[in-house]
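Multiple structures follow.
In what follows, chain A forms one complex with chain B and a second complex with chain C.
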Partner chain A sequence: MKKNLTAWLCLLPAILFLGVFMVYPLIDVFVYSFEEGYNFASQSFWSVGFYNYSYVLHDPFFIQALKNTFIIVIITVPLSTGIALLISLELSSIKALRDLFQTIYFLPYVTNTLAVGLVFMILFKKTAYSDGLISILIQLFGGPSVDFIDGPYWAKMFVMCFYTIWIVMPFKILILTSALASVNPMYYKAAQVDNTPKWRIFYKITLPMISPMVFYLVITGFIGAFKAYSDEVALFGTDLNAAGMNTIVGYVYDMLYGNSGGYPSYASAAALILFAIVFTITTINLMVSRKTVYYQ
Partner chain B sequence: MKIVLEHLTKRFPNRNKKIKEDVVAVNDFNFTIPDGKLIGLLGPSGCGKSTALNLICGLEKPSEGKIFFGEKDITELPPEKRGVGLVFQNYALYPHLSVYDNIKFPLENLRGENKLTKEQMDKKIREAAKLVQIEELLDRRPNEMSGGQQQRVAIARALVKTPEVLLLDEPLSNLDARLRLQTREELKRIQQETGITTVFVTHDQEEAMSISDMIVVMKDGVLQQMGDPQSIYDEPANLFVASFLGTPQINVFTGCIKNEKVCIGDSVLLDAPGKDDLEVYVAIRPEGFVVDENGPFECTFVNREVMGRDTSLIVTHPEFIGEKIRAIIPSDEAVHEKDGKVRFSLKPKKVCVFDGETTERIML
Partner chain C sequence: MKTRTRNILIYMLLILWGIIVLFPFYWMILTSVKSYGSYNGEYVPKFFTLSPTFENYVTAFTAVPLAKYFFNTFIFTVVTTAIMMVVVVLSAFAFARLDFKGKDILFSLFLSLMMIPNELVIITNFVTITNLNLRNTFLGLILPSVTSVFYIYLLKENFEQIPENLYKAAKVDGTSDFRYLTKVMLPISRPTLITITILKVIECWNSYVWPRLITDDQNYFLVSNGIQEIRENGFGRENVPAMMAAVVVISVPLVVLFLVFRHKIMEGVARGGTKG
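The block that comes next holds the complex of A and B.
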C-alpha cells in the first residue's frame, strides 16, 4: 500500500497536468460538439443533438477544406516519404561530401516556416513588379504566365503540396539515413556473394529492415498532413476560405477565432470529424503494417 | 575445384594517418588448396586469416597477386561471379525471412538458363535442409532457433546453389563448447558428403586439427606452415607454430647446443650432430616427459592434477619460459619425488629445437 502511495504521489504532477490540459479539454470538445446553439458569452445552449455535425457537413467551406486536406495528404505523404527514401539511399551510398549534403537537406527543418514562406512567395507569387521566378521560367520555355498564389486552383495546390513535401522532407531523411545506417552491412555482403541484383537487395533486404521506420514516418506523416494549417497560412495568408485553400484545422480555427468565428460548437464538431478520419486512417495503417512491417 | 594463390598480398592504409606505412594483412601467400579437401586457416586473431578468406571470396580485392579456381584466373571477378558459398561468422541470416525463404534466397537470384521453377527450387531447398538436418525447422524465423541451428541454416543457404568452393568464417565461434564439438563433426560430414572444396577460418587450433585435411598456419599476415594436422604438430616449422598448436601448450625452455649436445641448464638432453655453440629454444610437448629416476632432466615438483586417463604433473624449471611446466603422464605411473624434485627422461620425437634468434626449427 505504501509503495503504491509513493508511486501515485510521483505520478500526481503528470496526472494533474494531463488531466487539466489534455483530458478535460478533450471531454469538453466532445460535449461542445453536441450542444446546439451554444453561446460562449452566456454559456447557454438550446438543446442537445447532431445539428452541429449536420451544419458542418453541409457547409461548402468545410467540404472545400475536407477536399483540400485529402488532396494534400494523398499527394504529400507518399511522395515525401518516397523521395526522402531515395535521397537517403543516395546519401548512404556516397562517401565524399555526405556531411555537406546531409546538412543541406536538413536546413529546411531548422528554418522558420514563415521565412520559408517568404522564399516561396519570391519563387511563385505574381506581383506588380514580377511574375515570380517559376512563372518567369515557364514563360522562358514558351508557357503561359501562371499566378501560383492567387491563380487557378491546381496551381495553388501544386505550390501547397510542393511546400509541404519540402518542409517535411528533412526530418524523414534524417530518420531514414539513420535507419539505413543501422542495417548490418553483413547482410549486403551475404546478398552480394549470392549474386543478388541491386533492386532485389533493396526490396528484399533493405526495405524490410527499415520498415519500422518507414511505417513510423507514414503514420506520423498522415497525422501531420491531416493537421496541416500553418503552412497554408504561410503561403496564402490568414483568409484561407477566400483563397479556397482552407484545411480542416484551418476551418476549426476560423470557426473559433476567424472573421466568421465565434462558434465553438461547430469548431468542436469539425475537430471531432477530423479525429474520426485520422483515427480510421491510422487504424488502417496499423492493420496494413501488421502484415508488412518487420520488427526485430 | 582446386584453389591456387599466387603471391597474394593485401595491404590496407593505416588507420593512424600519421603512419604512412600500410598494414599488410596478407603477405605474399603462395599455396594450392587441393580439390575436395577441408582446409583450416589457422592463426591468432588479427593475423589476417579473415582477410585471406575475403580475398578468396572476392569481398576484398588483392593489392597484388592472383587467385585461380582450377585453371581459371578469378582475381578480377566480383564475388557474385566466382561461384562461392560463404558462411559468415554471425551467419548473416536474413532475420525477416523464414528458414525456407533464407535458403531460397540465392536460388531466386539465378537468371537466364539457370533459372529454376518453383518445384526445382523446392526440391533443392529440401535437399539442402536434409543435408544439414533442419528439415523440421523450415518454417521458423532465425531468431527462433539456437545458434547451432542457425549455423546449419547458414551452411544450407551457402550450399543450396551448389558452389564450387565453400568458405566459412569462424563457423563455430558463436557456439557453446558442447555444440561446437558436435557441429564440427557435422561440418566434416557435410564436407565429405558434398565433396566441395571447403576453406574455414578459425583461431581455435583444436578445431582446426580435429577436422581439417590440411591446416594453413598464419601469423601477422605471413604464412608459417601448411600441411596435414599431424605433421604440423609433430614437425613444426618454427617456435610460433609449435606453441600455437597443441593443448596443453608445448613447454618452451631456453637452452643451448654445446659440443653437439642439446642442453637446458646443466642437463644434457639430446645429441645434435654437427651443431655447436648455439643459443636455442628447446620445446617439449607435455606428452614428451617420462618419469625416470635416472633421467637427465630435473624439475621442481609443484602439483599434480588428476584427469582420469592421464595425470598432469605441474613442475618448474629455472630455464622455463612461462609459469608452470605441464607434463602429461599415464595415471598409473608412479612419481618418484625426492626433496621436492622430479627427474624425467624425454622422448626425442617430442622435443623440438629452435634457433634462438630466428626461432626457426633446427633439425637434429
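The block that comes next holds the complex of A and C.
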C-alpha cells in the first residue's frame, strides 16, 4: 500500500500536466470543432453541427494553404530523402575529413529557424538597393531578375522548398549515416569475393539493410512537412495569407490568434482536418512499407 | 585511376553541400560586420569586407531590447528544462522500479499520447492559459511544455537496465526510495540525463509558436519572437547589417553548445529527436 502511494506521488506531476495540457485539450478540440458560432468573449455558441468544417473547407485561404502544404510535402520529402541518401552514401565511402563534414552538415539542426530564415530572406530578396545575391547570380548566367520573396508564386515556392530541405537535411543525414554504419561488413566482404558490381551491392545489400531507416525518415518527413509553419514565417513574415504562402498549421494559428483570430472553432476544425490527412498518409505509408521494407 | 576520379567527384559533391550549409552562416557574419552605409551602397554585395565594424552589434543591443529577449529565453530555457527533468525523472523512476496497480495500462496510455500532434492540443491550451490570465507571464510560457512522454520513455528504458539487485540491496540496507534514486540511479544514468537536457535546451531556445501565441508584450518575448519583431518593426526595417548582428548573437549560444557537446548531441538526436 505504501509502495502504491510512493508510485502515484512520483507520477502525480506528469499525470497532472499531461491531463491538463494534453488529454483535456484533445477532447476539447473535438468539442470546439462542432460548436457552431462559438464566441470567444461570451464563451457561448448557437448549436452543434458540421458548419465549422464546411466553413473551413470553403474558405479560399484554407484551400490556398492546403495547396501550398501539399506542394511543399510532394517536393521536399522525396527530394530531401534522396539527397540525404546520396550524401550519406558518399560520407560512408570516405575516411578523411568525414568527421568534419558530419559536424558541418549537422549545423542547421541547432540553429534558430526564425533567425537563419532571415539570412535566406536577405539572400533572395529584392530591395531598392540591390536585387539580392541569388538574383544577381542568376542574371550573371543570363537569367531574368527575380524577386523570390515578394515576386511570383513559383519563385516563393522555390525558396520555401529550398529552405525546408536545408532545415530537414541534418536529421536525415545523421540517421542514414548511422544506419549505413550499422550494416554488417560481412555482407560486403561476401559480395566482394563474388565480384558483385557496385550498383548491385547497393540495390541488393545496402538498400534493403537500411530500408527500415529510410522508411522511418519518409514517415517523419511527411508528418513534419505537413506541419510546416515556422519556416514560412521566417521567410515571408507573419502575414502569410497576404504573401499567399500560408500552410494548414499557419491557417490554424491565424484563426486562433492575431488580426484574423478569435475563432477557436474554425481553428479546431482545420486542425482536425490536418490530423485526418496526416493520419491517412501515415497509414498508407505503413501499408506500403509492409510490402517493401526488409526487417531483419 | 577510376577510383581516383570517383573520389574527387565524391569530395566535390560533399564540399558543395558543405558550402550550401555554411554559406548562410558566412553571409550573416559578413553582413553583420559591414557598416550600414557600405552595405546599402553595394548593388552587387561583396563577398568580403576590408573594414569590419562592430557598430551593428552595439545597435542591435541598444535600438531593440535584444538583451531582454536573451534574458527571457535564458530564464524560460533553464526553468522549463529544470522542471521537466524533475517531472520526467520521477515518472520514469515510478515506471521502472516501483510496482503499483495499473502500471502497464498507465504506461500504454502515456505511450499513446506520444502520437498526439502539438497542433491539436495547442488550441485549447491557448484558451486555457488565456482564461487563467496567464498570457504574458513566464508561467504561461512554461507550464504546457514541462512534460515529455518521449523523455519519460527514454529514461525508463535506461533505468531498467540498472540491475534490480542493486535496488533490493539498497532496500535491505534500509535506504529510502528517494535516496536510492538520487544516489544510485541518477549518477548511473548521467549520459542519458545529459542528452535529454541538451535536446530540451535546443527545443526551448528555438521555440516560436507557443511563445508567439501567448505573448504580445515585448517584455516577455523570447529570441525567436524578438527576431520576428525586429524583422517587422525594428531598426527602421532597412538596417540589414544590424538585423544580421542580432541573428548572429541569437545563433551563437547554440552553435557553441553544439561544438562543445557535438557527439552527445548527435547521438541524442539519432536516438530519437526530430525537429518541429
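FYI, the second predicted complex is superposed on the first by the 280 of 296 C-alpha atoms of A that agree within 3 Å, B and C clash if a C-alpha of one lies under 4 Å from a C-alpha of the other, contacts with A are read in each partner's own complex, and residues count from 1 in each chain.
The definition used in the following text is that a contact is a pair of C-beta atoms (placed from the backbone, for glycine too) under 8 Å apart; a residue touches a chain by one contact, two chains touch by 3 or more.
Source: prediction; values computed, not measured.
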{"item": "Fit or clash between chain C and chain B when superposed on chain A", "value": "fit"}
{"item": "Which of chain B and chain C A:Val233 touches, first, second, both or neither", "value": "second"}
{"item": "First (chain B), second (chain C), both or neither touched by A:Met209", "value": "first"}
{"item": "Residues of chain A touched, compared between chain B and chain C (which is higher)", "value": "C"}
{"item": "Partner chain(s) touched by A:Arg200 [first = chain B, second = chain C, both, neither]", "value": "first"}
{"item": "Chain B versus chain C as contact partner of A:Tyr294, first or second or both or neither", "value": "first"}
{"item": "Where the C-alpha centre of chain A sits as vertex, the angle toward chain B and chain C in the overlay (nearest 10 degrees)", "value": "80"}
{"item": "Touching partner for A:Pro108 - first (chain B), second (chain C), both, neither", "value": "second"}
{"item": "Contacts of A:Tyr187 with chain B and chain C, given as first, second, both or neither", "value": "first"}
{"item": "Partner chain(s) touched by A:Pro25 [first = chain B, second = chain C, both, neither]", "value": "second"}
{"item": "Lowest C-alpha to C-alpha distance for chain C against chain B (Å)", "value": "13"}
{"item": "Residue ranges of chain A touching chain B (in the complex, touch as defined)", "value": "184, 186-187, 189-197, 200, 204-205, 208-209, 294, 296"}
{"item": "Residue ranges of chain C touching chain A (in the complex, touch as defined)", "value": "7, 10-11, 13-14, 17-18, 20-22, 24-25, 27-28, 31, 40-45, 86-88, 90-91, 93-95, 98-101, 103, 106, 110, 113, 116-117, 119-128, 143-144, 146-147, 149, 152, 177, 202, 205-206, 208-209, 212-213, 223-224, 227-228, 231-232, 238, 240, 243-244, 246-247, 250-251, 254-255, 257-259, 262, 265-266, 269-270, 273-276"}
{"item": "In the complex, chain A residues that touch chain C", "value": "3-4, 6-8, 10-11, 13-14, 17-18, 20-26, 28-29, 32, 40, 83, 86-87, 90-91, 93-94, 97, 101-116, 118-123, 127, 129-131, 133, 136, 166-169, 171, 174-175, 178, 220, 223-224, 227, 229-230, 233, 237-238, 249, 252-253, 256-257, 264, 267-268, 271-272, 274-275, 278"}
{"item": "Residue ranges of chain B touching chain A (in the complex, touch as defined)", "value": "57-59, 78-81, 84-86, 88, 90, 92, 94-97, 105-106, 108-110, 143, 157, 161"}
